[in-house]
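Order of writing sets the chain letters: A, B and C. Residues in each chain are counted from 1.
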Amino acid sequence: MDIIWNSLRELITPTTAAYALAAIGLNVHFGFTGLLNFGQAGFVAIGAYGFAISVMTFGFSTPLAIAVTLVLAAGYALLLGVPTLRLRADYLAIVTIAAAEIIRFALNSSAFAKWTGGANGLYNEYSGWLKGSNPYPSGVVTVGPWTFGSNDLWIATVDWLVVLLTAGAIYLLVRSPWGRVLKGIREDEHAMLSLGKNVNLYKLQALVIGGVIGAAAGILYVQPTSVQPFDFATRMTFNMYTMLILGGAATVFGPILGSMIFWVVMRFTDELVNLGVDGGLFDNVTQGSQLRFVLVGVALVLLVVFRPQGILGNRTELSFDAK
Amino acid sequence: MPSKRDPILVADRVHRHFAGVTAVDVDHVEMPRGKITALIGPNGAGKTTFFNLLTGFDKPQTGAWSFEGKPIAGLAPWQVARRGMVRTFQLTKVLGRLTVLENMLLGSKNQRGERLLPFFWRKQERSDSARALEILERFKLGAKAHDYAASLSGGQRKLLEMARAIMNEPSLVMLDEPMAGVNPALTQSLLHHIKDLKNQGMTVLFVEHDMHMVRYVADWVIVMAEGRIIAEGVPGEVLSSTAVVDAYLGAHHDTDLRELVREMEA
Amino acid sequence: MTPSKAIRWLLAVLALACVLALPSPAAAAPADEWGFRGLLRDGEKQPVSGAAVQVKDGDTVVGSDTTDDKGRWEIIPVPGPGTYTLTIDTTAASGHFAGDEYEVDKELVESPTTLPVLNVVVSTTESSQQVASFTDRLAQRAVSGFNLGLLIAIAAIGLSLVFGTSRFTNFAHGESVTFGGLTGFVLAHVLGLPLLLAAAVATVLGGFFGYAQDVAFWRPLRRRGVSLITLMIASIGISMAIRSLMQFSFGSASRGMTEESWGTVTLGPVVMPATSYAGMGISIVVLAGVGLWLKHGRIGKATRAIAGNTALAATSGVAVDKITRIVWVLAGALAALSGVLLGVFNQVSFDMGFNLLLLMFAGVILGGLGTSFGTLAGSIVVGLCTEILVLWIPADMKYVGGLAVLVIVLLVRPQGIFGRRERIG
């Protein structure tokens, strides 16, 4: 039973919230506009490092650090989007994945270690603002069957608040005529051009909005922990695709549901791997956990082929093969 | 060739070649305002390429053209559309995973809510919806307004595309093979709709293969072959001119000649 | 699902994984053997990871390893006591001493008070550094870059053939390269086959791997008529699954492809292992062969016809399905060959192919999508940039050079060097 409860705890952890937020951003790209961004991890990394470095190296106040980070992410989106959005879908995919890897290599490099900490990453000396405003009693807090550290629970509360507010804003946006234009572009760019819509401008707007949400997720992601360059590998992006398609792309709550299910299942299989290590099935936990990512990959293939609408989506609207 | 009075569209020296093969080589052409003009010619004559060039979907090697007296060569397709020149496609481009009504609303011009930070658009949305439903009724698509466009038949998609173009309130409607793949039962109603566009004050340019339709609906006919304009005039004269018949026979040498001649004379 | 049922399910997956997986690499040397184990640090006592450590007896390479993220390398066994030379190549290492090579002599003494395995702590500042002039280093880098460019080209031609016939960008193509590298490692290192034989067998197995991918995934998906976007996302999922499976069976370390040494060749200032020149020779022959086949061979011409216009090719009597299958086999074989050669040139690791994939994209786009000569030229430019830029940028940002080329090309000339504008719209 412990395994089940430990797994279900993932429903509300800060990591689940941060991934849900980044997946909401990816949904603006992929689900609503049809942009194939294969480098959402790059936006998340910009968020995490931009915030941490703004606070730790430049000594910015928290609101200024957040603002600088989000502006940086918007600039990065423009840099990638302006040359590639007029080209075929593959080009954006290739450029976003390449740019995300450039960012990761650069952050991991010893060349900028003075600011980034190189391969060691950055210790958490940037979330004092959040911990300072913690209204929960210090020590361990019990929520239902789970116990949380006071700070962790406060971070989770703030994270989920951000997720819900963003989801609300996305709900309003995609129901507006603006959101309708995005969906129209997803369906057929030429038709939208023939109706007088400046398709590239809309695509750029979508890329910036989704990217900025991804960077905001990066800020949330590193609040409870330190900043580790390895976290922002391509695997992060494709975990998000799995969540998004699992929950239902082009739905407002799909990314959130997807992130919750993803992390509960990951935690559950993690517990199974631990049992496997105890039982001598695997040499160590790291080795066993590789198998879980085999499953994630297989799940992604099966989902996109057999249930592209995910759990919340509508089959007619979301079968990608309608074209 | 004498200038027509008050042409809505004038094009000069439009040349487009792909990898050395000339697709379009139009010296001079004018579209009469307020009329229905048919652009005809055998397969591969460059009709659709010419369409793509005029609407900005393709770029020519050389050429200049103006719409409503203003040069529009080199503009992006969406800019051309905003000037009032709206086209449809040979292979229909309905937005399958949006509803029929949403397709129509996307045709609407100047919806404030289409800007980023969309506020205060609901009033306009209501009047647009009312207008869209009215047009859909005329096109016998009213009952389908809330279905996904992907569920429509081929002929209904053609109708929806035309209705969506009208929603944009263009001054020139360009229809690329509006009859292709349409169930014969729907042909009459489509013809009626095209005539109706003229009655509402729009200029119509359409590409067509079906000579019955051209004869029935067009006021003016332009004939293309091998990228050039070889004849133009009123349908009765043009369709019986030897140059036109030659162009068709030249290109259709393996089709049944008698059938073609019967078609021309019908 | 009850835990016991889940475990059984997991066991079933594990069994499947074992069928697909490679045998685990040889275990570490027993403790009573002679050897060197050590730690590599820079002048500020920070660990240096990713450096290639070789132990030489005179000119003969006895063994090699790569330092991990803590700067450590595992036991490199040697036959017995004596004086050995440790060379440390930091070409692929982290740190700001890009591409430098160090040599240090160490003696193993038979003594009752010391262990037979010598723990060595090497600092990159105190060892005797081989100082080369800038032009010498440039020459060395240029040859390496040309070599890397050829390897990128071999793999990238498979990628662009698949793109031409199957119409989508296959993000799992890198795993076919890794498959070649790991298979080569198992054959050459674990089973001790001669390097050339191992390379040939790995290439043939790579062809089967390509065929298996087509049969298992792509043909069924083509039959279902799924969209381009679905195919690309599915290829990402497949890439992730195969890569994790390889990491599961091979581990996260980088390893040398073989203990076999052909010695080094010195041409002016350029010192390269003879295997690298052999690799370049094989690459050039294979690239020329594929080029001629595409231009003059019957199936090669059909492949080009499909890439030009699938529907037209099909109506002109080209067996599209059969050609597509042949292309997948060829792409798998070329990728595997590239993987073996890359493993000899650098190191073997579970993500070698994925890293190469991004350079392949750079090469293909630089050359202009869909032109074979362009792919070759683009790949060589990317290879040269990747290696030569290391003279100025840190070695742990090595790939950034190649990827930056990609981004710059898309900014300036998205159709590539040889591409035509119409292809990219």
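In the analysis below, a residue touches a chain if its C-beta (ideal position, glycine included) is under 8 Å from a C-beta of that chain, and two chains touch if they have at least 3 such contacts.
Note that the coordinates shown come from a computational prediction; the quantities given were computed from them, not determined experimentally.
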Ask   = Quick one: which chain's Cα centre is the longest way from chain C's?
value = B
Ask   = Which chain has the mean of its C-alpha atoms lying nearest to the mean of all protein C-alpha atoms shown?
value = A
Inter-centroid spacing, chain B versus chain A (mean Cα positions, whole Å) = 45
Ask   = In whole angstrom, what separates the CA-based centres of chain A and chain C?
value = 30
Key: Chain centre separation (chain B, chain C; CA means) in Å   = 54
Query = If you look at chain A, which of its residues touch at least two other chains?
reply = 323
Request  = Among the residues of chain C, pick out those that touch two or more other chains and give their numbers.
outcome  = none
Task = Using the touch definition up top, name the residues of chain C that touch chain A in the complex.
result = 3, 6-7, 10-11, 13-14, 17, 46, 49, 69, 94-96, 168-169, 171, 217, 221, 224-230, 232-234, 236-245, 247-248, 251-252, 354, 358, 361-362, 365, 393-394, 396-400, 403-404, 406-407, 410-411, 414, 424-425
Query = Hey, which residues of chain A end up touching chain B in the complex?
reply = 173, 176-181, 183-184, 186-188, 190-199, 205, 316-318, 322-323
Remark   = Given the complex, residues on chain B that touch chain A span 55, 57, 76-79, 81-82, 86-89, 93-98, 102, 105-107, 109, 111-116, 118, 121, 125, 148, 150-151, 164-165, 168
Request  = Give every residue of chain A touching chain C within the complex, in rising order.
outcome  = 3, 34, 36, 38, 83-84, 87-91, 93-95, 97-99, 101-102, 105-106, 108-111, 118-119, 234-235, 238, 241-242, 245, 268-269, 272, 275-276, 281, 286-287, 290-301, 304-305, 308, 320-321, 323
